[in-house]
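First chain A sits with chain B, and in the next complex the same chain sits with chain C.
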Partner chain A sequence: MKEILKEIEERFGPIWERVQRPKLAQVGIEPAKAVPLLTWLKEHRGYVTLVHLSAVDWIEQGEFQLTWLLGNPETEERLMICSRIDRENPAAETVSGLWPQAVTYEQEINEMFGVSFPGSPRQGVPFILEGWKDIPPMRRDFDTVAFVEKHIPGREGRKHIDTRTYIGEKFGEKGYLHD
Partner chain B sequence: MDDKIVKPEPPLGGPPQGSRPHAPVGDGCFLGEEMKPQAPSYKEALARIKNWFRANSLWVMAYGTGCGAIELRPLATARFDMERLGIAMRPTPRQSNVLIVSGYLAVKSLKRVIRSYEQMPSPKWIVALGSCTINGGMYWDSYNTINRLDLYLPVDVYINGCMPRPEALVAGFQELMRRIKKGEADGWRHYMENLDWYKENQKKIITDWDLPEYNW
Partner chain C sequence: MTETRERSKEVQIWFGPQHPGITGNMSVQTWLDGDTLTRGITHVGYLHRAFEKLMERRLYIQSFPIVCRICVPEPDTNEWLLASALEELSGLDREVPEKARWIRTLVLEMSRLGAMLMVLGGHAGSMGLGPAPQWMIALRDLVLDRFEELTGGRVYHMYIVYGGVRRDLPEGFAERMEQTLKTIESKLPLIDDVIFGSAVFRKRAMGVGVVPREWAFEMGISGPVIRAMGIPKDVRKDEPYEKYAELDFDVVTEEGSDIFARAMVRRREIQQSIDLIRQILARMPKEGPYCAELPNMLEWTIPVGQTYVRAESSRGEMGYYVVTDGSKKLRRVHVRGPSYVHGVSLLERLIPGTNIADLAPLMVSLQVCPPEIER
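For the complex of A and B:
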């Protein structure tokens, strides 16, 4: 993994890197260089599989982190390409031209985090949430419990019964004492 | 030991108190014939016969909504073999009369479940499986799952547990058959009589409503 990380650094400038396991490494790179890096890895270094594309909400830093997980089926090595984009009006470049399955990932991230991928088909088309009007639910400032209490009616919970008190009242003090 | 049958209770603040408790189902709406007024004993006997037939001819729609559907495979196959009870799976709603809502229901799949339920022919029953259909279960605070099924569809038998074992499901089906034979399982009639109330609840939770008012 060391050689490929060194080569990336020579070609694409300064990166943040971490080797997690002998065959898994993490690379952080600025968003403008992410898609050129992914293209180069796919075309010239055998990382032909897009295993996963995910997003993380770093609300304290005001950033979203996108992670493309690439796989090299010949050497069985995996590379995580991480890139942080601004949380206000988040947008990233699409990789749906390189991997057709990225369309679904980008559609889901668009729905769940509100990150837009201009040029990717099916952006804004409902994936799971049909008729959603609130802020995207996977953002960390979305209050799930408040949303449920407001919109989803439930059943009132049962009265809480303290087992010890209940047995004590019903069977006397000795009901729960092992003597 | 947690698995036991819970009889459905009328929803809180509930629908207009209609005909849910009343027993005889033999008014000819299933056979499609106008029945002339007869002596009560004859009518009652016919209703009992019809209910006996119905109870022994349960066709389950092969549709699983949540993780509970995994319990239907051992139930349908050799291990627990629900065909010995006269229950079998059918692939489409128009050929079946029992709908098992197995586990949590996302709002998206609630829409499909409503659509399937309304396409089923009329003496039809819903078996709600798992805690999620009763009070939301472990998904009670999820932004996308409903917490009470009986606000949207009439439930005849609840089977609680997370997950209920196939034995509990067999017990639930026996309870359903007992209720059908007694003429108590008339959730479908309750749905037709209180359609406005159910539709109002459904439209509250399904925000992009594009279903027909009723699929006859």
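For the complex of A and C:
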């Protein structure tokens, strides 16, 4: 994997790179260079498979990280291309022209993180959620507990917190518990 | 004007979410011209339980009861992937004992066997061959018996943990497993007759749902779907994990790339799994620890890092992209299931031109599992 990393360094000047395992390397690249790098890897270096596209919310730094994982079926090597974009009005170039299945990944990231991919079909079309009005739920600042308390009515809990006592009262003196 | 008239002939039909032929909690919005499908859109979301989000709010050890639910018929691959990813990022992978690696390989192969028995029955059931799926489920239950005695659970096991597995093999397990394998093997010729010998199955499966070879790599197709194209791709061989590199097996391939070829790959892989389980049990160390010395799970922190690990599930390449930030909880986990490609982009491309009666067999042959699409 060191050869491909060296080539990427010479051609694209990545921000960082590392070999994670013998068949897995990672590259950090500026957003503007990401799609040219992905295109070059697909067209000229045999990384023809888009294994997945994912996003990570680095809220402390005010950034989203997009991770494209490419696979080379000849060598079975995997290359992780990471690029950080601004968290305010996040947008990235689509790769749906390169890989048809990227449409689904971009649709999901748009829904779950609020990152838009202009030109990608199905942007803004619900994928998993329906009638969602809150902030995109996979963002770190989405409060799951507050959401549940607001939208799902609570129920009265049982009076006892001690299971043995509760079962004893409900099912008789000895209950179903062994001594 | 012509197009409008053509469009007006189309009838829109929802296939699922309540339909005996749908593969789980999902639906396909289809448009029909006569009885031929002209297009389709996959809809998921009926089963979204925010697994990935939940894991960001829990300690590492608390994620095991979540990940196993990402695939009901085959939960152990998910347990292994989570354990393996975090072991790699924490450095714990160097501590996993030899015996634990053998037991993990055993569990992964038992899991594949159980899932393939189920889906091969599904192949027949989706074409109206009623008895076969019931027999296959009965055989799968024998595998679940062994899981129950090994892990305490039939469906969800939570058996693979960081550093190894939760407990050792019970006394006499290998003998009982051998008996189970013999029983399954004895019934397979009958299954062959009923499924592969059936004229109905052959006529409806051959030449139907053909995936063009040129889609294979670009779309990220994997598992029995790619092997039915004659392409020998299998993660167990391509990037061997646990003890697979030490086992003797060949990648099963078939030609035709249709429903029949995919069913045949699964049938042959059932026999392959049986053989592999025998090999594993024969080489299982008698002594030694089954789990590494673990740090305090309530205080366990993992340094900043990210990785992608993968395994060969019965459906194809299952992968976990995991990001840690030095805290006691995951920063991000992204589950990449084969159904994400097979059940959405690939299915939608295969639908145009398919007869409506062939949609259920087509979906079963792609082994679509909705929980791993919507996680």
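Throughout what follows, the second predicted complex is superposed on the first by the 157 of 179 C-alpha atoms of A that agree within 3 Å, B and C clash if a C-alpha of one lies under 4 Å from a C-alpha of the other, contacts with A are read in each partner's own complex, and residues count from 1 in each chain.
We adopt the following convention: contacts are C-beta pairs under 8 Å (C-beta built on N, C-alpha and C of every residue); 3 or more make two chains touch, one makes a residue touch a chain.
Everything numeric here is computed off the predicted structure, so don't read it as measured data.
Judged by the touch definition given at the top, the superposed model places A:L37 against neither chain B nor chain C. Once the two complexes are laid over each other on the shared chain, residue contacts for A:I128 go to chain B and to chain C alike.
Taking chain B and chain C in turn and counting the residues of chain A each one touches, the greater count comes from C. Contacts of A:T67 after superposition: chain C is touched, whereas chain B is not reached. Within the superposed three-chain model, A:V115 lies out of touch with both chain B and chain C [touch as defined at top].
Of the two partner chains placed by the overlay, only chain C lies in contact with A:K23; chain B stays clear of it.
Shared-chain residue A:P137: touches chain B and chain C both. After overlaying the two complexes on the shared chain, residue contacts for A:P153 are found with chain B alone; chain C is out of touch. Residues 126, 128-130, 137, 142, 144 of chain A lie at the contact with chain B in one complex and at the contact with chain C in the other.
By the touch criterion stated above, chain B contacts chain A in their complex at residues 12, 106-108, 111, 134-136, 140-148, 151, 205-208. Per the touch definition, chain A reaches chain C in the complex via residues 20-21, 23-24, 26, 48-52, 54, 56-57, 67, 69, 71, 73, 76, 78, 80, 82, 99-101, 103-104, 126-130, 137-138, 140, 142, 144. Residues of chain A touching chain B in their complex: 126, 128-133, 137, 142, 144-145, 147-148, 151-157.
Here chain C touches chain A in the complex through residues 44-45, 48, 50, 52-54, 56-57, 88, 217-220, 233, 238-239, 306-308, 317, 319, 321, 323, 331-332, 334, 336, 340-341, 344-346, 349, 374, going by the rule given at the top.
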